[in-house]
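As written, the chains take the letters A, B, C and D, and residue 1 is the first residue of each chain.
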């Protein structure tokens, strides 16, 4: 399938391009970026571009929209322009997007394959609702993706309440979204909109799709999001109250969590590995960035506490989106 | 009063010396450290020593113990040797200590003046129990000190449950307690014994002293402690469930919290200032390190969430201990 | 004297305001910034504003220029708009500026009081040339200021050649001039225009003023400028070839360097202190940021090598400029 | 050939093990470390051990020395114990060592294959002198390795004088050789012995082997070594005076420098790639850490200035040593 990457020069876009390099199912034929990059070779802008794309000439979004001519779109554009662009494209083409523009639409899934693969079914509703031949599948906000993968094995224990404090990496803010003067030797406990996203996206992702709509999960969740001086890898300190607490079974649930093992998705990696002390510099690249790390699991009153982390650009953005597309392909939606 | 600082060359000891420089009540006459520093001038070891101590000759602990000849002792020695040293000294001399050795003894207070000043009364019990003329007053673990100052204004709202994730600074590990290779570009969610201390010390500090013993507070508390690449200042993300939640009143309680205003303690500073986004590099030095910062206060289901931070070496160690001594002096225990 | 600070909300402007707080000679009466800050109280924008300025209402540059009504101007505006603004103001008012706009004009001094105080005399030439009642005095680029203070004691040994590699701090790029993603865990050996400034400004500063014009010094100088992950304090590794090399005398020259001791300038601090291993986190605040640190002095073939550092916002910017004004005041130019 | 890695659990030792994993010529059969690791599986100590070594049981140095039974030894032990160990082993076995113990012996080469491959010939002299069947080949100090690779293409232009300031990474000090409190938000311009090593090793490496002994190169070199907060990758600012300065030819010399292209060494990578702004976080892993980066090349008076960087653990330590062994193998010395 011919693929386009929109926003190909940003941090998430570059990660898309890297992950799709040599992909057996999706062949990137169009690299789309802003006017100021258009016309240049990708390797001029992106020093460490994969060899196969170095000579590709970047096209502008405007030009791309005139004649997309691809079979699948991966979107790493900013949220502000994504709503319009995605709706235009989805009339004909499946769009897998990291932008938040459509995440909260009732008929659009926020997909994390290992967590809620059956939510993908809602795209039939979406296509019917909107009269589209294509569709839109979103992946969650980066810290939500990492959190929900760690919550999925706990669902069987009855999640009642979640309290999570995140320690998020610099690359989550993009190339120039965070000034060095602000974060150096500092913790900044404010990321605009992040806590709302974590709380609301988690409940949708862990909700149930009944064939027509997604019923949000009804646990109580509250988040405090902070930025820390780490380049990649969001770390999260999680307190969960559960209906049933059996620490050995929970540990086993983390260890054995591997729901898509048999789907043979090209990018698939075991979604969780347990390490005693998870640390972003040591563990963010596990499973090429798709494997989250869980550790420090201990019983607390009425539940457990643990620490999880994952690569924000891969599991939390481009990698999750590519996995979404692979699942859709495998399940015949593409 | 003539004072000794034990462990005067370590990070906490240096902070003691700095804070006691020019103190109106306590005059440091002995700087005590290990054998390898003994005999040297303080300014040789401590480049930024206050001028008045630069020429003071350091004495060894052994030598000091032979003939203390001071009226008050501030202890910054490691826990491992503190139990014995403190018990020996307290037979005659009041000891204010940052070491954890005696914190969990039933007749020893963990004192944070703004939070539990009346716990100081237990030293009468302690002296009687042990037949001492002196006594031991401990200050809490650094992250506990910062946490409990922020919890004190919430007591009137009925604290039921606390979930706290800490992001602790490098200086909390001492000069060489943490390798650069370990923490650079990283978060380390493990600090040995820290979570236990936060959970248990908080309940003792916020407990009630009934004239004979301290009844621990009975809220449910759980902590996850992490180390982050920040030089000074522990930041804490706190979720609290309360009997009564009125966000305006809680905000007002933080703003007006100033219980020792009228005691005229020389080092006293307002214990809490509210800032929208508390940040260690910007706020750790508030009130010479004794003022904590609270911010990001928001209502959650059944309670509130907020972020607090304070200077781990001052509020969380030497500064708290000096304040303890000042309170004891003011109340006539010295 | 009534003073205005232009660009009062930027990093250098804030430093001006802090240094001028309570100044015995210059009283800041106008805080000037961009349109978007105008009308707000200074304390709203600058959280840690000195108390005396917290309620001052910021005025826009446009409004200020209509009726300056001050006796002296300190300029922290960007270079791009400074040329025009300074020339307009200097018709009537003395301007002390951190901007580079006029540094390379033949009749404008780049002043570092401890190094080339007699260059101040050129303002008579300047006033005559330009028919102004006021004048313009610039201070050098931050890394040049720090370097030239360390070179001044070496002049008597005959400076022939300088090779300098700088390791410059984040705050030198302003609040948002450097992205965290760029500098985290990195060294960036490129700062636009910096090497040229170091090389050219140094030769002018160490040049001779003959009553009519400044003859550049004729040593051979080459610089490599890098940015490192340090918040404040530029460190410089310096190799100097000299006519005469006597390491004891050179060490003594550094130690005794104190040319303005007797001028009683309010902000004056000893310009150099020798420390065996100069380090920005430990030494940048020496002498309130005006004292540079020199260390690691060793003989090399035909000269010496050493390391120097200083606070880029104080010695390297606002503090140097305030010292320039104090010298001008003392010498009767104001 | 059966290989042993001595000091296999340290940072350099782990790098040896990683680089030798799957090596076509050298098969690691013994992992040697201190008593406290002996008896444990390598994967227990080294979380990210290559799979093939995870189950290998570590043996103690003492045990190893009793019966080495390998064909080649790679040594990452500390210098303090290396002299004796290496001399004992070299009686029978070729030793390639990162330790400095023998670097300054007259009959021992400090080898950088791309720079001075013919120095390998001195091992014949060494064997004869010492009556050994084995021999010792050292690689230089990390910052020297990186520097000399960048100087090699300049030899034809006549190197007269070198002034170099290094900005060295944290990992150069080993796991726990540098405290976080020391280096955080700091530059430390002192690394014990480093400047001497750079100056003296460079002259030996760039010297001439005349069949009997190595004549040091006679250029004038001076170094200032600093530590910066970067995890891996030493950056060096270099000023070189040359007999002949042609900037285009020098640029071309860097670009085309590839002296061992035709030797088909398994680990070989192009030793230098030119990038406009070399940066450790972006470029340290080039060519699996064996490719250095050169950039910022500019003409200065009588020479050039440039910046170079390389991976201190690979090019600067284990990788260089493996390359040395590969060269020795290819040239028939093994």
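To be clear about the criterion, a residue touches a chain if its C-beta (ideal position, glycine included) is under 8 Å from a C-beta of that chain, and two chains touch if they have at least 3 such contacts.
Keep in mind the model is a prediction, meaning the values are calculated, not measured.
Of all chains in the assembly, those touching subunit A and also subunit D are B, C. Each chain gets a centre from the mean of its Cα atoms; the one farthest from the centre of subunit D is B. For the pair subunit B and subunit D, the distance between mean C-alpha positions equals 48 Å. Note on chain placement: the centre of subunit A and the centre of subunit B lie 42 Å apart, centres being C-alpha means. The multi-chain contact residues of subunit D, meaning those touching 2 or more other chains, are 184-185, 229, 231, 281-282.
If you check the complex, the residues on subunit C that touch subunit A are 11, 170-171, 173-185, 229, 231.
Those residues of subunit D that touch subunit A in the shared complex are 47-48, 184-185, 231, 275, 281-282.
The touching residues of subunit B, when paired with subunit A in their complex, are 163, 165, 167, 184-190, 220, 222, 224, 226, 228-231, 235, 237-239, 276-282, 295-296, 300-302, 305, 307, 309.
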